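The two complexes that follow have chain A in common; it is paired with chain B in the first and with chain C in the second.
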Partner chain A sequence: MSERDMLEEIRRSIIMGHLDAEDEGFDGSMEGTPGTVELVEEALEARTEPQQILTVFNAAMEEVGRLFEAGEYLLPDMLASAECVGEAMDVLEPHLAGTADTQKGTFLIATVKGDLHDIGKNIVITMLKGAGYQVRDLGIDVPADDIVAAVKQHKPQYLGLSALLTTTMTEMETVIRKLKEAGITDVKVIIGGAPTSEEFAQKIGADGHCRDALEAVEKLEALRSAS
Partner chain B sequence: MTIIGERVNATRKRIREAIQSRASEVIIDEIRSQEQSGAEYIDLNAGTGSGDKQQEKTDLAWLIDIALEHGEKKLALDAAGPQVLEHAANHLANRRPWMLNSITGELTDGDLAMIKLAAEYEVPLIALAMDEDGIPAETGKRIAVCEKIRDAAGARGVPEERLWFDPLVLPVSTDVSQAMVTFRTIEGLRAQFPSAGITLGLSNVSHGLTKRAVVNAAFLTSAICYGLTSAICDPGREEISRAIVLGELLAGKDRFCRRFTRAARNGLFDVAPPEGALRQ
Partner chain C sequence: MAAATMAAVRKALAVDPATRLSADRVQSIHAASLELLDDPGIWCTGERALAVFEAGGCRTARVSEGGRQDGYRVRIPAAVIERALESAPDEVVLGARDPANTLVLRGKEPKVYFGTGSQANLVLESRMASFRSEEAPEQAAMLPVYSESTGSIAHLCRSAHLAEHLSNVDFFIRNVNAQDESIPSEHRDVNIYFAALLHTTKHVQGGLESLEALQPMLRLAELVATDGAEPGGANPGGANPGHADRGATGRDGSVRGLPVSFIACPVKSPLQMVADTAEKVVAIAEADVPLVISCSPQGGSTAPIQEEGMVAQINAEILAGLTLAQLARPGCPVLYGAVPVRARLDNLHDFYGAPEFVHYNLGCVQMARSYGIPCYSSAGVGDAKRPGMQATVEKLPSHLSVAASGAQYIHYAFGLLDRTNVFSPLQAVLDDGAIGLVKQVVRPCSFSADDLTAAVEEIRSVARSSGVFARRVRKQLRRGVVGDAYAFADDGQADRVLERAQRKLEELYQLEPRRLSDATVDRVYAAVPGLIDRRMFDIR
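Our next item is the complex of A and B:
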């Protein structure tokens, strides 16, 4: 197979959410054929440039995002594709070491104090892993001081804050204030959750707001290229 | 979910008549349509109720020959006594994977003979959670019957993983607690015999009610959530397909909800409006 065909196979495999040979894929017909993980291994063995494979991951997830927005894909379909990329990243990562632009950065995420919701947060985690970020999950109901301590410890480029309740979203403001008090200015904070909005993000001094996981990926990409 | 297609059963008039008149095309059609609808096993029952065991042996062998020639799925040989099944097993001679349907916890000489047959051919055996006193109305007693069966089968060379327990169900029309009794039995069997199969016939739950198909389907969906691994049913019925897809979705057995979303895209859940509803 030519390199071009191989990369196209990987792209198609991600779009079909075809993780590995044991996985049936989007249309249920793909069990027994090489999935994303095997294809990436194969491409690496054939000495394909890891960077090129990474580019295919991005292109595939963009297409998946488009299918989702067009209503052709449902949430679990998108998560299946994100899982493909997440697993394939584990295969690819050791080969990327040393090359430039291998790390998109570290993303810390938490559901703020008083709030126990994590469905949205977990979707964001899957999608960002799929997009190639190092993601560290602090969990739910996380006090502001713990978040600040974790930021100090892990020095992430990005911090995501999630809240589903109007009563807990105000806690996000507390986190941002405490970050400032601690003298931390180099972490970009993005927020999300049903009651939050762009206006609210601006009001509390966050760097961005996202409606859903897909927009979280887009916002991070935008913040990354701006920095 | 392993579906055992129930349609080739001589208690149905259409099948009884086809057997008696050797109308093989009727049987072929029933086998093929069930295979296309997802049946992994085709149940073959030639018990016309005449009590003529010699005739039943000949008839079941005839059904087996048709299934071998025109179908490709595994077979569930279904008869009341060991003589017919021994004959059928010899006739089939392992030309196709198969299983035995069924024994009860009464453990009569006939049941024990069938256990030995299952051991000899190393095939799965369906065992009903009932004994000489009938179907117990309580979960604990049904599980106790299954324990008794497991011991008897184990001692005769049929390991737990080749036992498929049928927890049975009594009509909710006469005792509304009975569906839950079956669910709890499934749950208990799952915990106590983790390697055994659990299969179930559905239609008894709705006996004496109206809209029986809807009740059967809701019952099946719930039973899957409690740990059912197989059902003896007609896979060609839309409500059964829906119930299975939904059951596996809610039981966490449908990775990325793929079978559900695929079925939905294929229109399985597009309910046709009642006749005349769209007329102006």
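Our next item is the complex of A and C:
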């Protein structure tokens, strides 16, 4: 297969949300055929420039976004494609070291103390990985002090806080207060979860609120452009 | 001669039928209906119908009853009715301009088609307009504004075009009463049917205002049936099994039934056979064209209000019409036409939003199925005057319940408002969305043992990994195991159902009409008298 054909295969595989050979893919019929991960490994073995592969990732996700906007794709399709890119980035990243534009920034994310819900958080992780961010997941029921410590350690550009309950969303305010008390002012805090709102985000001093995972990507892109 | 084949036909919604009556009650109602047809029997004034009944073994007696013109009491013995039920075919094929839109109805099979209905006098057109609150100018909204006009041939053409493009409309009953003064009354039938046939490739059905129009109508239907088919191809076997109706043979040798069928209402409730429509039943039966024997008693005025009385009476009335048709031509294709409605008790108008409307219809569906005769049923009518939430709420109980009952042929389902007086294209688009949901709700559970094994494996796998099933939804979406969202759902905070539906309506109006070929139109004009200037059928 020529390099051009190989890159086109990767692009198509991402658009079809075909992760790997074990994945059933777009319509349940793709199991047993090479998916994005295998194709990227094959391309690297064939000495394709990693930067070229990265360019294909971006182009494929742009097309997925277009299909979603057009109503042809639904969120599960988008998630599948994002997961392809996220997993393939793990394969590609060691080969990109030292080159420019390897990542858009680091995003730390946690479900706050007292809250065990993580579906929304996990979807945000998948989408942000697919969009090219370095994501660190602190898990669920994370105390404010642990979050502040993790921010100090990893120095992310962005921090995501998630909560599903009206009783736990107030913990987000505690995290933001403790960040300030620790003198940390250079991390942008984005909050999300069913009971939260733009108004609540402003009230507790967060830098942004996102209604869903798609908006999380949009908000981060906007913050990145503004910085 | 090569055997005729049935090409792919329009897919029906198969359901596990919901029932309201026990088997014992169905039998009891059947017995009650037979009793009514024997005593008092049917009041009949039409000579032609009377002759058919007498030749068929019914007892007739000329009587003079208070307050009525002299007529005949026709007592129909149970044995005559049972024979008629045996000869009525279980399967009725309703052809279409596009053979892929052919409908196959089987009396015992609960497979559902939805279509338009009534013959509304008024058409309610709509457009969106922006409004701003006088008290709070920062509050603005987009809302529909309406204009009501008398139904015309132009409205009918646009309505047929709309029905062509609404995905859940399976058949088209002329739903607008075209009242153009330029159409001579003796030629109304051919012009109305031609307007519909010109703009939809789906099955077209309606009444027959004049019996003299039957032969020109059949000629029109035959010519339309050959549009795009092998020139000169006659239907070798007929689309309705065992009957030589007037279809055509497609290029693949498949049978194409006539693209039209008729509705007749031979019985005026309670139990009075009308001379004019009874004569039409006989003529249409003799022509072997599919026919709906439709009856519409009103619970509380022309029938008992309680459901057992209503169903017993309407069943008797339909059986009387059906027996007349089968005596006129044994084996002619008929539909059991049930349009039972309840009276409002303040003014005795039809009350379609009443729960009893649903109860009556469900009983009729079961009676028809017990006879193995396809059921023409009614759903999707209400009393609301404007499109939107109230109208949809009133329609939904019957849309859902009658579909769940497995009625084969549900009319009235699209766009009717103010009972059956107004046709609203905007409401038709909303109803199409609601019926899309109804189809998802009533489809039967179909998983196999393999599906369950695969599901367990999926749960096991996801529980060990991400905990999120969302990306695995894709296979089920593409298999059609799960449905789409409501067609007009909004992804934001605002509810813009009417705005979205209006936009869709305008998009559908812009689609290219699926007209008959010019050659067929020329042949129709050469062979069928009374058609108005062809430019009056142009919706562009």
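By our rule, the second predicted complex is superposed on the first by the 186 of 227 C-alpha atoms of A that agree within 3 Å, B and C clash if a C-alpha of one lies under 4 Å from a C-alpha of the other, contacts with A are read in each partner's own complex, and residues count from 1 in each chain.
Please note the rule applied: a contact is a pair of C-beta atoms (placed from the backbone, for glycine too) under 8 Å apart; a residue touches a chain by one contact, two chains touch by 3 or more.
Since the model is a prediction, treat every value here as computed from it, not as a measurement.
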Exercise for review: Scan A:24 for contacts with chain B and chain C and give back first, second, both or neither.
Suggested key: both
Review point. Touching A:183 in the superposition: chain B (first), chain C (second), both, neither?
Key: neither
Exercise for review: For A:79, decide between first (touching chain B), second (touching chain C), both and neither.
Suggested key: both
Review point. Is A:122 touching the first partner chain B, the second partner chain C, both, or neither of them?
Key: second
Practice item. Take the contacts of chain A with chain B and those with chain C, and give the residues found in both. Key: 17, 24, 26-28, 74, 76-77, 79-80
Revision key, fill the gap. In the complex, the residues of chain B that touch chain A are 255-259, 261-262
Review point. Can you list the chain A residues touching chain B in their complex?
Key: 17, 23-24, 26-28, 74, 76-77, 79-80
Exercise for review: Within their complex, state which residues of chain C touch chain A.
Suggested key: 466-468, 470-475, 477-479
Point to revise | Of all residues in chain A, those that touch chain C in their complex | key: 17, 24-28, 74-77, 79-80, 83, 118-119, 122-123, 126
